[in-house]
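A, B, C, D and E are the chain letters, set down in written order, and residue numbers restart from 1 in every chain.
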């Protein structure tokens, strides 16, 4: 793996070759510039603040060695001995610069952060304008954040931002950071059309845990090419790759698959201003009709799961959060098409079947053109299956494809859809904390979709209205305001309140179905072990992070063993 | 088809033939259609022999046979003898490829129907000369000098013609350039298949005049093929008339013109507009000439002949000597002379005082 | 200046200009402009809408408030100075992206087209020479069969067989990861290694019909009088086949050759996508997906200019290679 | 010289042309027999001219015959086939069946349990419509523009020629992709038209140059001399002579439509809500992993064969179609009396247009 | 009024402008016809003879309104046909009428019949134009009877054929029939018999003359063969015009022109006409100083024939002779004028 088929073999030093799905030369490392930001290479080049472990549900300290939550304050301590690749120490003011820039570029903590201070060289202190839930703060400030905007490089932009926000945003947005100063164990060495070469830094605190000199990212455009490269040993790891069951069978033994929850997956966004999909009965009927297990099996049982309860909580966390209340929730049929229920719901709402097709009380056919990103093959397969299931039931369902970019650009912002395939969870790791996904479903999703759910934020076309659903007790109805309740949760530090609101909003979600969950993705990370690399077992706790191939080296868990 | 193949038309006058054809036939469709039927002919040294016949009567086939160059998939049979000097025989049809290559153009060369298409359109005339000389290992320098001379003889400006592409020359010029090209290797025999058909009369006559001069200058034997009887009449020493893939009459030009014997020849002459003949006496030849697949039995002319008898329908007429040098393949040639009158015979034979 | 050359040149320039204008207008018709695209992207990254709006308004290059005429004027003036604008996608000047990608596309397409014609001429001439033989029959059938395969289908087959199954050749990309451009043997070999499959798929599928065309031409020439006369003149078979048959049979294919190069440049969009070969077609596709107007326009422009130039050159030079035609005659390409 | 007598007609303002002069001395009725032409005669004639004889000619050529048979198979697949054979849907059969395992899915099934053969068959009708509409659009626009430009000459010619010049200079495939994104066409007729949106231009140019020569033909001049109207000359004397070329190019355009549409479906540029072989390819390629694993290869092969088959059919048709309207060939095959003037068959140059 | 001839060409010139070539900048002007006058009467026959490229076809086409003259007038019964065409004439006859009155028969009968149409359809076309009121059956009747009249029977069989199924002679008959069905006043027969076999030419000419009487038409008969022209003209009792480089060298009745040629060029043409009676006479010298025709782009100064004329003198090189009209003829040569500076001029050197 470390030897390149037709490369120069004088390169004796051991190296790890991983996969990148962007043209390396095009990547730039300024995350405030939306063009060509890295998806994986930054995770080796820069150190994460902390790492969320899926199996423990805990944050592991890393570049931030300690953090203290004080209700309306949050204090971070920079890891001792952490340096930049140019030799400078990583200081509190580097971290503060980065967090301050985030105030302007719309990072979520900007909504409640009043000020950011650096009491000393290794401490950063955020002051909030009110109390905030600890989990939320921790996730929003620590998760998925890297030490990557060195003050000496980005300070000037911050200054401009502070003086003239418009100008600053423009300058910052235009700045392409091509030769990054690394904070991680590997530093930028060279880059080309086909590969990015990073070399080990001796002055990184974890450098001695790493016994190979180079971390190389090779560009493979398609899934197939990445699969092949893994298969024939051209690359040693892939951070995330959708591999279908059949192909997985053919992978060599030494290739280890590490599965982590993605807290994200294939669901359907109904357009709530559509006369039919705005009707809860239709949404419920659809949810009843969809046989999620069948969809999962059609797509790939290894890399997808069918969530048990259609609520805004990731499968892994559903039982944990719902507790005993789970019995009240409707599964809508995980592995069957509950057509009887669907028929009942529809007929009660005044729909009827004419010539095998469902029509509303005005005689208008219920049309369900499901829009899906054209080049996401697994979602296409899922949609095909859903369409067939719905068609069999008597809905006039069709599949419509758009390029994902077109969906982002035109379809989502303008609500130009009837029903569209999109992620129904917030995504990892935040998705592990129900607040984020519930908020995503009920109030404000992060795909900036306009879908007119009455409870949604006005920026999504809703008006944060109350929602009335049958009471969980089984009789009567309940009316709540999801937006208010969730912000209550966000500001609450009381665990029972958090639990109560979570169950309540999950119930609302389950009954009103603002989105229709279908599948959940299982992230597939691949690392080659065998004789060359010493790596932990796939289900080892240490590997349950995003992404193992960038984390294990730092932990000394990915060692080069031989030729 | 009746085959009286012993009818070598000019047996009696076989004095010094340079080419002798014996029983030459060309068939297509694996022998089903004869497009040249048992033709025998001796071409004498230094003569100009004119071969005349309607379109499709097999004239071009005869010409191609002389060089064993019948277009595929034609089958050529019989014998063609070439006699470079007296008493030396070369059987053309039996030659090896390389020998044939040497024979063609060096000994017998040919000018085709349609000069326009005989030159490679992407090459200058000069290159045609050079490559021909090189192909025959002839010295290029002297060859080109000869070409210059030939072109001048043909009233052309050598420099301009040689430096031109074919399409830059007029039809008449191309035709003359082609004649020069065919003579550049100093052949003994020049076979010309309708060399002037595409030209107007003035150009045709001019070229004929030049050919006559060339013959004198270079001691050539010429075979001149045309469908236009009057055209060759004054050029040729002897005339051969073809009808339906056979020779029907052969004799000295003046005899064939002044005292034609075969009914077909007579009809043909009567059909030809002539400056001197009285208008009322011009008569078209009745009927149509046969296609190669269904040639009438017996005398192939009998369906159109006013004199046909039972004999004509069943028997193939042999070549009958009219005079020692003049033969006709007809049972009734004597009657023909009286029965079919000629439209110009009576009028003055010397009306040429306008010149 | 010769009036024909002048006229022809003016026409070529005019054509390019009209095409630029048309495409400029047409591309702006696309649903979802680049800013909406960008908005979506920013929003997805969690940037708040108000900030997104602020960012977008200050965004350079395309000012949505500018009238289309002003945009057009600016684009044209920039174009005259060789500036094709900035790509949204890559944050790089379009000229830089094209400059980087074009040589690879040209390499693959010119090589393919050349090979197509070399094969067509040689093979077609042999088939004509042995017209009616088994060789001719088999070759004709094979030509037709190959012509029935779209190049991308053959491309996929080749990728499967030589890339994935036999693992003899790379399945895509311009170069191996370790090889960086430079004037080394390694680079050249590696570039060829990566271009073999794309070129093969173009050549095998493209040659079929050209072979048949050449065969037809050659048969026609073989039957012409001047070839017959050349044989009688005793010219060697080699001279006849080269100077007479080949030369005259190739003539009608000449303009086709040049125009095919231009045409194939347009086809690179599918080929390069199949082979993930980052040439201009590949970037064109990316740009189309992302509504990256400047990049799209730039590549469109390059391909158009290539097409126009190909036809232009064909028109101007045909008269030089075929003496019968004076440039100025109605005999023009297409 | 005879004194003029028709000037008097002119003076009285009577039409002078249809004078009875000739009939006085030569009667047109001399043949005696009266000729009756009935409608059934005309129908019969039409059948003979446009169906029976072209069919005869096409059938006579081996290549065309094979091509016709292939196209007939696709027609069967596209019309009764798609009508009777169950439409593909997920989980209609077991997932991942190999080919020739069961009669329910003779060519196997996809990973989501769709019958591969059903997918192939149900993609056919749309493809046929696309192919025909694209072919008709490209050739008819080309004929219209080419003939008018070539025949009219002058300013009309210059305008139309510049127009097709520009159309030709726009890179076809990229243009089509842009348009496909703009219009997101679903209607197969529209897709066919869109794909050939500038395909006609090159064709129009070659038709124009052919018309330029045809226009100088003596029989066209004769028609002009007779005062025949221009549209009628184009229709009767010019276009029929272009038919061989047009037919061949119809087949070529049709093949281009097959290639381009499948390619664009494969790339996902055209909306994939319909059945298409390109979508099947894409699905087999990226979803079923036909490349790497090899288990799903059959899912790739089935649509590939469908694509190549129809293209092959069209090419073979094109190889011989030029003869269909060649009067020499058709009279020979219809066993009518043979040529007496010249013998050679004029074979039209089958130009290759990809 | 009745003094107007059927067709009259007055000082007609036709110049073709060629686009500039690759190497030359200026466009070239071919003077195909230059300053030429001619008239054609009812039931007339006018033959045009001359070398290839001398402008016979161009003149013919100009006469029947297929070619627009660059200078001069063409009048039909006294009306300028191009004014009528442009709608500038107040004559009470339409362009359509003129168009139908002037017809053409081409040299190559094969190419003047649309290979894709059956004879019946080809012959229906003129009837459609002239007698649009005829029904299908009537049209067929007329066509059949005319076909029989021109010797093609059974007509029904012939009518059902394609042109390639006819022999050259038959094709030419169809072409003639087509022209006649238009009921024209003038038919231009451009080398109408040259492509036919020698044996068929007389037959065709006879047919044409026979039908002239029936259909009441005039012929403009183009040929490069003087003997054919003589046969046709003499039968039709008309005139022969000898053309040289776009000009009429001599016009006159057939007999007179052939028996007593006035212009040296006419003599040359006579020389070129093969003479069966002269087989035994030894060949003559070329009666010209050059074989090739001068380039019509740059015609010689003075008398256009002077570069080849055996009789040319210095005066011919400088001055263009004007046509000298006689009783029925006209000659464009100084030698036809008894008093002319020509007679005092020096003969030309051999190489101009």
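Note that a contact is a pair of C-beta atoms (placed from the backbone, for glycine too) under 8 Å apart; a residue touches a chain by one contact, two chains touch by 3 or more.
Computed from a predicted model, the values in this text were never measured in an experiment.
Novice: By label order, what chains touch subunit A and subunit C together?
Specialist: Looking at subunit C and subunit A together, the chains touching each of them are D.
Novice: Name the chain pair with more contacting C-beta pairs, choosing from B-C and B-E.
Specialist: B-E
Novice: Compare the CA centroid of subunit A with every other chain's and tell me the farthest one.
Specialist: B
Novice: Just give me the whole-number Å value for how far the CA centre of subunit C lies from that of subunit D.
Specialist: Taking the average C-alpha coordinate of subunit C and of subunit D, the gap between them is 26 Å.
Novice: CA centre of subunit D versus CA centre of subunit E: separation in Å?
Specialist: Taking the mean C-alpha position of each chain, the two centres sit 44 Å apart.
Novice: Could you please state the distance in Å, as a whole number, between where the Cα atoms of subunit A are centred and where those of subunit E are centred?
Specialist: Taking the average C-alpha coordinate of subunit A and of subunit E, the gap between them is 91 Å.
Novice: Mind checking the centre-to-centre distance between subunit C and subunit E? Centres are C-alpha means, answer in whole Å.
Specialist: Roughly 54 Å separates the two chain centres.
Novice: Provide the list of subunit B residues touching at least two other chains, using ranges where the numbers run on.
Specialist: Counting only residues that touch two or more other chains, subunit B contributes none.
Novice: Multi-chain contacts in subunit D: which residues touch at least two other chains?
Specialist: Expected reply: 181, 285, 291-292, 294, 340.
Novice: Give the residues of subunit A that touch two or more other chains, as numbers and ranges in rising order.
Specialist: Where subunit A meets two or more other chains at a single residue, that happens at 222, 224, 228, 403, 406.
Novice: Any idea which subunit D residues touch subunit C in the complex?
Specialist: Result: residues 63, 162, 165-166, 168-175, 177-179, 181-182, 202, 205-206, 209, 212, 255, 258-259, 262-263, 266-267, 269, 281, 285, 290-292, 294, 297, 300, 304, 307-309, 311-312, 315-316, 319, 349-352, 354 of subunit D touch subunit C.
Novice: In their complex, what parts of subunit D are in touch with subunit A?
Specialist: 89-91, 95-96, 111-114, 181, 268, 271-273, 282-283, 285-289, 291-296
Novice: In the complex formed with subunit D, which residues of subunit E make contact?
Specialist: Result: residues 1-2, 4, 6, 41-44, 64, 66, 77, 92-93, 96-97, 99-104, 106-108, 110-117, 121-122, 125-126, 128-131, 136-137, 140-142, 144-146, 148-149, 155, 161-168, 170-171, 175, 178-179, 182-183, 185, 213-216 of subunit E touch subunit D.
Novice: Please give the residue numbers of subunit A that touch subunit D in the complex, ascending.
Specialist: Touching subunit D from subunit A are residues 222-224, 227-228, 231, 243-244, 246-247, 249-250, 294, 297-300, 369, 374-375, 377-378, 380-381, 384-385, 388-389, 391-392, 398-401, 403, 406.
Novice: Touching subunit D in the complex: which residues of subunit C?
Specialist: It comes out as residues 11, 14-16, 18-19, 22-23, 26-27, 29-31, 144-145, 147-150, 152-153, 156-157, 159-160, 163-165, 206, 209-210, 212-213, 216, 256, 259-260, 262-263, 265-267, 269-270, 273, 284-285, 288, 296, 299-300, 303-304, 307-308, 311, 330-332, 334.
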